[in-house]
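Two complexes come next, and they have one chain in common, chain A, joined by chain B in the first and chain C in the second.
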Partner chain A sequence: MDIFSNPVLLNVLIGVILISISTAAVGCLLYVQKNALLGETLAHGCLPGIYCAFIFSTTRNLFWLSIGAAISGLISSYLVDLIVAKSRLSRDGAMAVVLSSMFGLGVVLLSFIQQNNYPNQNGLEDLFFGNAAAMSGNDIKIIGLISIAIWFLLITNYRKLLLTLFDSGFAKFQGIRPKFYIAVISTLAATSVAIGMQTTGAVLIAALIITPAASARIWCSRLFDMILLAIIFAIIGGTVGTLCSYAAPKMPTGPWIVVCMAVLFLLSSLTKRIYLYSTKSD
Partner chain B sequence: MTAFYIIIVGSLVALNGAILGSVLLLRRMSMICDAIVHAILPGLVLAYLFTSSRGSLAMTFGAISSGIVAATLVEFTQQKFQITREAAIGITFTTLFSIGIILLALFAGQVELDQDCVLFGELAYVPLDLWITDEGLNLGPHSMWSLAFLTIGVITYVAVGFRPLVLCAFDKEFAELQGIKVQLWHYSLLLMLSLAAVTSFHAVGAIMVMGFFILPPATAFLFVSSVRSLMLISCSIGMLCVISGYFLAQYMNVSIAGCIITLNGVVFFAAFSNRLYMKLNPPRPIDKTI
Partner chain C sequence: MTTNSCLTARNLSFSFGETPAIQDINVEFARGKITGIMGPNGSGKSTLLQCLSGIIEPQSGDVLAFDDPLSEHQKKISYIPQKEKIDWDFPITVKDLVKTALYQRLKWYECFSEELLKLSEEAILKMGLVGLENKQIGQLSGGQQQRAFLARALVSNAEVFLLDEPFTGLDVKATKDLIGILRKIRDEGNSVVVVHHDFSNAMLFLDDVVLLKTTLLKSGPANTVINSSELRLAFGLPEQE
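Let's look at the complex of A and B:
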């Protein structure tokens, strides 16, 4: 199979790689924060925003949908933090509450859109499972621009984020406001989930955030190395998954990417165990 | 009659959800619940492929086994690969769910399971699936009966296991010292959870079920101080939301299950803001000196 002769496949591949690089990097931050499941909450939390953006803009332009998604993702992550801070609910209870009510709202909005015969609504259901094949050249440009913004924020604030994540007391002492940088992490996560919705779908984007980070964490003890390794895992998983889904007709792309990344995680952890075992016996 | 059937089925789902959900919330297993409702998909598809029938027994068995497999995998991944619990949950359920979707796509011609049906379900179709005996007696929808049996099972389970379940939730070491088999109760709870999820998913969809499990207990949890009142209040919140959600959905002409869950969410956030307001402006203590 020749990848480069097929422009659709090439488009999809570039899009998938761009998305998985950003989600992998953000996933490392969330993993270190012990907050990896926030990705799942954000993925469901983005749905109402996307449908609202569709209702107001009546186009399926990825840019507007992503902005809607990012805003409602941010609202959900803020709500989780608020509930944890101000009530007796534990963090996972709060996440489950926000996740399920946002999902319910999303389903109501979707059925509202379907009842009212909005123009060009085809493909909105794709958001649940993702439809990478529908990615156009224009979408790739938008995804690229937003990923550049994510990377800019991440690189310029890297040291402050690092301090906030590992020692928020010391960070405060250094004149860094930990609350602000926690909000920056949530913003990064919400934005990268928002652009990834189209590829893997709401249900599986959590895997793009968690799996590369977890596979990388097995090997690394520095955040910087972890992010680099996670990106490598994400690129391999994304590429192999996309090619797998194109080998057979009518295969969904998102699930294949997720399965490939899980296989990588399994390989990575098995290798680590063998490595540990062989060094111990010496 | 349609409204009656839908409300009865919805209330039964809410009743199961509230009772089991209270236990899950106390044990901080809410996200495990999320993982299991996703992870039953491959079990359902495989059961369908092997038996090629939508007979509820095979489906139930498939769902229960993949629910248990998911929970075991979470424990296994967390312990053997030394990653955080959240990551173990996230990796396990996304992988199982993807395998389910891939199987659905591979055998699309042979499996009559619809992705949308699995995810969203549709309460409006419940009255179409009536159980009519050979004599022509109308016994109501199929799912009403299976849910009724499930409710009896769930209530019996929680009534029998009330003390061990609650003790394990609050103090695992103490429960072990008292001779309670903590692992046994943990896995039996997961089994009941998968059973409830698979019985309800035809009516409300796999992911929607989670709202029924999580939201009413979470709302009640803001107010109560005993486990019994937690269960009772969450049952009543759940059922009230089903009834009002149904009529709201009819009025606005949108998805019924979605409307019920949204209403549950609104109730939670209303209760939460009330608590927040009370915390910021505590009521003036009554002066008893007069």
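Let's look at the complex of A and C:
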């Protein structure tokens, strides 16, 4: 088949699927935490970390950029909590402040890199909108390894995460430290965002995190089922989006994936409405 | 020697910023009884309950459970928050909610054993929730929601049940059912503490009442406290002829 005979496309497809699986699962946690905008904040918050990592390492190695992104994303998440605790600003207001400030700082750092003629800087500006086609075989390996780490954390802590998200008071009675597991969720989110930046970029990564979760929540009464269905939606959206961008080569992959996931969300809502209507009329 | 109190508040105080919620509360909650914490709005009822449960740390004073520090008996205490504090949209079914009380008995890779599943099924049966196990908690009625949380408390082997305004939004039948269940829990030797504000049915099921208005106004048997001048004073009611 054509897809399998094209190594570039196959590379992109594997990368997109790996990223989609992780972002969809972590997105479900943020969704039920009613913290959907955190994905957006982390995505914008990741930019300064990525560019700092590049300045210090002078390499576009995804591993170092991801570490920079995750650290910077976590700092953004911490800043949001700090602003909420120390000021009268609401959580969404604090997120807006951090998100725009970090994005601004990212743009300043990118300009600094461009003006100082750092080597290997080509493609750094792609992180705003993503460039999935630029994923190398090495990038896929790094994405795969980080995805395994995300999944390991998620599976081994699933019950504790569920209890923290649902009833932190009861979690405390059970010997679980809610603050620690909230930090685990932020770490998982920041890491997922970090590896997803290559695909959709800072501007669109939130869609990759939240849209599959929102599409799945319509159908599921259990968090576990919701995560599984969100992954299925994410794989379908990611695959169809990648193939669409392959069929229309001058169009970027990330936005296509986001559009496909949005269509899936619409279909999911519509089908549910039809289902409810038909069961009511029975 | 066994003590007669399940929980004891000693010099308990808690403030929200500059505003004191409860001040210097000294009171004992009797074992094997249903005790109501009553008082006007903003009198610190829920804050006292949360301090008793260990959810919030008092700024001064301490809580004893069975005459020991609260932390030593934390697992015997179950706290059910106010309805509006619970995310009813959370994707969790009744069965899974009850099973959360068993999480601590399992390692991350272990599945629920037959024995543990039986425990949760028994609690569901006891709370009259059979047939609703796979419903998402937001799809239950108010009374069923309270019973689902009580089922979880039963599974966690709680001996002290703390409920914050459990009757809010319940109709007459659901209120009657819940009162029956609370009595059943008490009759099995457990202790129940409820934040309650409806005097019309308080005497029906409360054995003791703790009357609060930031400080402790009175505590004792329900009929004594409810007919007291302190209660009328707390609620600004005219003195009885």
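Throughout what follows, the second predicted complex is superposed on the first by the 281 of 282 C-alpha atoms of A that agree within 3 Å, B and C clash if a C-alpha of one lies under 4 Å from a C-alpha of the other, contacts with A are read in each partner's own complex, and residues count from 1 in each chain.
Here, a residue touches a chain if its C-beta (ideal position, glycine included) is under 8 Å from a C-beta of that chain, and two chains touch if they have at least 3 such contacts.
As the structure is a prediction and not an experimental result, all values here were calculated from the model.
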Touching partner for A:Ala207 - first (chain B), second (chain C), both, neither: first
First (chain B), second (chain C), both or neither touched by A:Arg217: both
Superposed model, chain A: greater residue contact from chain B or chain C: B
Which of chain B and chain C A:Gln115 touches, first, second, both or neither: first
First, second, both or neither for A:Ile195, with chain B first and chain C second: neither
Chain B versus chain C as contact partner of A:Ala36, first or second or both or neither: first
Contacts of A:Leu105 with chain B and chain C, given as first, second, both or neither: first
Which of chain B and chain C A:Met226 touches, first, second, both or neither: second
Touching partner for A:Val80 - first (chain B), second (chain C), both, neither: neither
Common ground on chain A, meaning residues reached by chain C in one complex and by chain B in the other: 34, 217
In the complex, chain A residues that touch chain B: 31, 34-37, 39-40, 79, 83, 86-90, 92-93, 95-97, 99-108, 110-112, 115, 125, 128-129, 203-204, 206-207, 209-211, 213-214, 217-218, 248, 250-252, 254-256, 258-259, 262, 265, 269, 273
Residues of chain B that touch chain A when the two form their complex: 25, 28-31, 33-34, 38, 80-84, 86-87, 89-91, 94-95, 97-99, 101-102, 105-106, 108, 115-116, 119-120, 207-208, 210-211, 214-215, 218, 221-222, 252-255, 257-262, 264-266, 268-269, 272, 275-276, 279
Contact set on chain C toward chain A in their complex: 53-55, 74-75, 77-79, 81, 86-87, 90-93, 96, 100-101, 103-104, 106, 108, 134-136, 152, 156
Residue ranges of chain A in contact with chain C within the complex: 32, 34, 155-160, 162-163, 165-167, 169-170, 172-175, 217, 220-223, 225-226
